[in-house]
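What follows is chain A paired twice: with chain B in the first complex and chain C in the second.
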Partner chain A sequence: MNSFWRVVGAVLARDVRAEWRRKDIFTTIVMFGLLTVMVFVFAFDPARHERADVVPGTLWASFLFAGILGLNRSASRDSQDDQISGVVTSPADRGALYLGKTLSNLLFMVIGEAIVLVAVAFFFDLDGRHLAPEFFALLVLGTLGFIGVGTIFALVSQKTRMQEVMTPILLLPVILPLLRAVIEGTKIVFDPTGNDGLGSWIQLAAGYDVIFLIAGFLLYGFVLED
Partner chain B sequence: MDAVVEARGVSRRYGRFWALRGLDLDLRAGEAVALLGANGAGKSTLLSTLATLARPSEGTLKIAGVDPRKDPAKVRRDLGYVAHHTLLDDALDARENLRYYGALFGVTDLDARVDQRLAEVGLSDRARDRVEGFSRGMRQRLSLARALLHDPKLMVLDEPFTGLDAPGCRDLADHLRKEKARGAAMVLATHQLDYVLQWADRVVILHLGRKVDELPANTYDDRGWAGHLTDVAAAREAVS
Partner chain C sequence: MTTTNRILLALSGLGMIALCVMLSLIPRESAQGFVQKIFYVHVPVAWVAFLAFGVTGYNGLRYLMTRDMKFDRVAAASAEIGVVYISLVLITGPLWAKPIWGIYWTWDLRLTTSFILWLLYLAYLILRRSVDDRERRAQLSAVVGLISFLDVPIVYMANRVKASQHPAPVVGGGENSGLAPEFLATLLIGIFAFTVTYALLLRLRNQQARIEDRIEDLYLARG
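Up next is the complex of A and B:
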């Protein structure tokens, strides 16, 4: 294994191992995600609203808020006992560090999302017809872009005085195009009248991911060291 | 002997505040320099600059012949950094922490190297224990093992004795002395001079970001850095 993938594997293994023992990121994502779903269930009676009107907002708001807390938890764990200095003073490829960190955050987020999705499916009476491949494509693209950008901004936030507060302030404006794409796409998936325009929203989300993941890969070193 | 640190006119500015001004420092393999001075004298800034955590605002710096601004990764391969924070992950055990950092530093034959370093710092029997259960002394020994995994040419140590009891300080000093004998160059800042002066080669006294004196460690006496600072100030006044 070359040194790049060795670093990716080391970061991923360390994060997974630490999370397996602490379970704080996972707990944060799941608990906050489920609570957000409950708020939406109370606010919009699932029996009286069209799924296409309620489910996309419920899903993505839950993922977004829970994910921001999870990203902050993950980044603040890296700052404990000044571990960031240990990483900065290593010769490890910065792109590999970013990839490893993004993959671990992605893993925690996907597991959390799966549980939140089960809750949404239960409360809003979703079945196999709604959970189409297009829906999962939107889920993957939305989560990937969100985590890819969020990993950078959670690190930036750790270096500011306001720390956790800074992550949503910095992250939300940047991911607005992605959010728009996945929410509009999810609305179409849940709309029983057809799926016109779905492809465009998927393309927009995919394009966003490609651009911002490459940017993250290239910029992580600057953020880490400054 | 090879020059490990060559600093010429190194300065570091934070906004309008100069934390370090025009510092010259030379250090060869197997040499140890202790940095002394009051809080805010510039010790930590100098150590951060040497550890590549901060870039010089002015001046030239070479570590093992390489400018950290031009090739930071190459410099970092020759660098071991120990601070009062241990840089360790509490949730991992001692061995996992070393394996993680070994991968980041590209250490080959990692398992054997980890075993060797754990044995050297007396933690072989605690290799599978999580760091969160370690005493401060054990953490600092593990932190030293982490910094030494890749056999660095330069050790940068920022208050490594903080929080250690007397046996812990003696133990850490013994380890550092051995690394110096191996040929590692060392720059360290500490207030626990008793554990350093017997084996350090030189003492550098910093004041308000400037180097005000550099003297052999065996000539440094118990008046402390403040006493030497007074001598330097008096000598300058006499000359002027």
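Up next is the complex of A and C:
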């Protein structure tokens, strides 16, 4: 068990060190996140719509698209530096490798999201009523599930002829129910009239996370070693 | 053609003919009239699509456990046929919806679920086309096939929350559900016909894939 967590820590430390030197995942997520927000501002004029109608979708679409690019960057960096073959030949537990990679992706994603969120809060005048604890619960659950599935699909995509292009094709259909849950949940949080029905969306997102984190944990080795 | 295939072909042909005969014999449904008859195609096809994706997920799992290529061939064949069937669901549904609801499409539970299923398994097939090495393809598609299969019930739950325009299941869907005997018989014949056709297509596609693999082996062996 001890060696399990050492592997998790080693993978996390390796990714953080590589990211500290290049900062390319971070820049990708933040830049693309902000640009997606702009696209949505033009698509749905916020002056003519309720905040609860525009902001949740804008926020999550921006996280999703920026996150896919970040996941791709993270996975292709492993292949480029040929770290993958070192990892595959090591006797390390495959589940630990998955957990380490998921944690590092999660870390980069959360930092990127925080910056995009500050910008969105500024542009759309969000305050404590919107950024309530329930909102952050949804944010954590949505990001966790997305990164949990995304980490394994980004690696699958690296092994196909289409490479990075494959990630959204595989990931988006699978992530749709989670996306639905967090967007609907966020809409309820933003709606001033009350939090009816929020619990079922949070439950759905949490259930999704549990199922797919376990699946990723068990299946990552098969993808790694094909 | 093997004996089993001949039998399946005969059963599938007989089932389809029986379905056509029944469709012309049964009375028109009182509320919807003639157009309601699409029900006897729409529901069986949807049922087989779910079955097909289950077969893909199960065979993917078997492949990961055994590394036997035969499971990968079945998984692939079943996904291909499943996509054809779910496409039929997405075609027959709107044809039925337009005269009854006045619109071809609405984003409700079953429609959204079917469309997401279609996307899920189309992505699975795109993945298969994008990997050349046979073992690698089998391995990656087994993982993706399993994850997609796990996703199916969650997709359903995620879309359940809002009120649905689509009717609840007519058979086994609660207290007032149920069909008149002749309608039920037609539905069962439809399910039988489309399931047997699926089994036949699955076998044929599977045999074809096996021959393809053997040809590739011979080609590689020759150098």
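Keep this in mind: the second predicted complex is superposed on the first by the 224 of 226 C-alpha atoms of A that agree within 3 Å, B and C clash if a C-alpha of one lies under 4 Å from a C-alpha of the other, contacts with A are read in each partner's own complex, and residues count from 1 in each chain.
The rule is short, and it goes like this: a contact is a pair of C-beta atoms (placed from the backbone, for glycine too) under 8 Å apart; a residue touches a chain by one contact, two chains touch by 3 or more.
If you're wondering where the values come from, they're calculated on a predicted model, not measured in any experiment.
Undergrad: Go through the superposed model and pick first if A:41 touches only chain B, second if only chain C, both, or neither.
TA: A:41 contacts neither chain B nor chain C.
Undergrad: Can A:183 be said to touch chain B (first), chain C (second), both, or neither?
TA: neither
Undergrad: Which partner does A:132 reach: the first (chain B), the second (chain C), both, or neither?
TA: neither
Undergrad: After the superposition on A, what does A:111 contact: first (chain B), second (chain C), both or neither?
TA: A:111 contacts neither chain B nor chain C.
Undergrad: For A:140, is the partner it touches chain B (first), chain C (second), both, or none of the two (neither)?
TA: neither
Undergrad: When the two structures are laid over each other on chain A, which of chain B and chain C touches more residues of chain A?
TA: So, of the two partners, C touches more residues of chain A.
Undergrad: Could you list which residues of chain A make contact with chain B in one structure and with chain C in the other?
TA: In chain A, no position sits in both the chain B and chain C interfaces.
Undergrad: Under the touch definition given earlier, write down the residues of chain A that touch chain C in their complex.
TA: Residue positions touching the partner: 149, 152-153, 156, 159-162, 166, 169-170, 172-174, 176-178, 180-181, 184, 197, 200-201, 204, 207-208, 211-212, 215, 219, 222-223, 226.
Undergrad: Enumerate the contact residues on chain A facing chain B in the complex.
TA: 3, 6-7, 9-10, 13-14, 17-18, 21-22, 80-83, 85-93
Undergrad: What residues on chain C touch chain A, complex-wise?
TA: On the chain C side, the touching residues are 64, 116, 119-120, 123, 126-127, 130-132, 135-136, 139-140, 142-144, 146-148, 150-151, 154-155, 157-159, 161.
Undergrad: In the complex of these two chains, what residues of chain B are touching chain A?
TA: 51-53, 72-74, 76-77, 79, 81, 83, 85-92, 96, 99-101, 103-106, 130, 146
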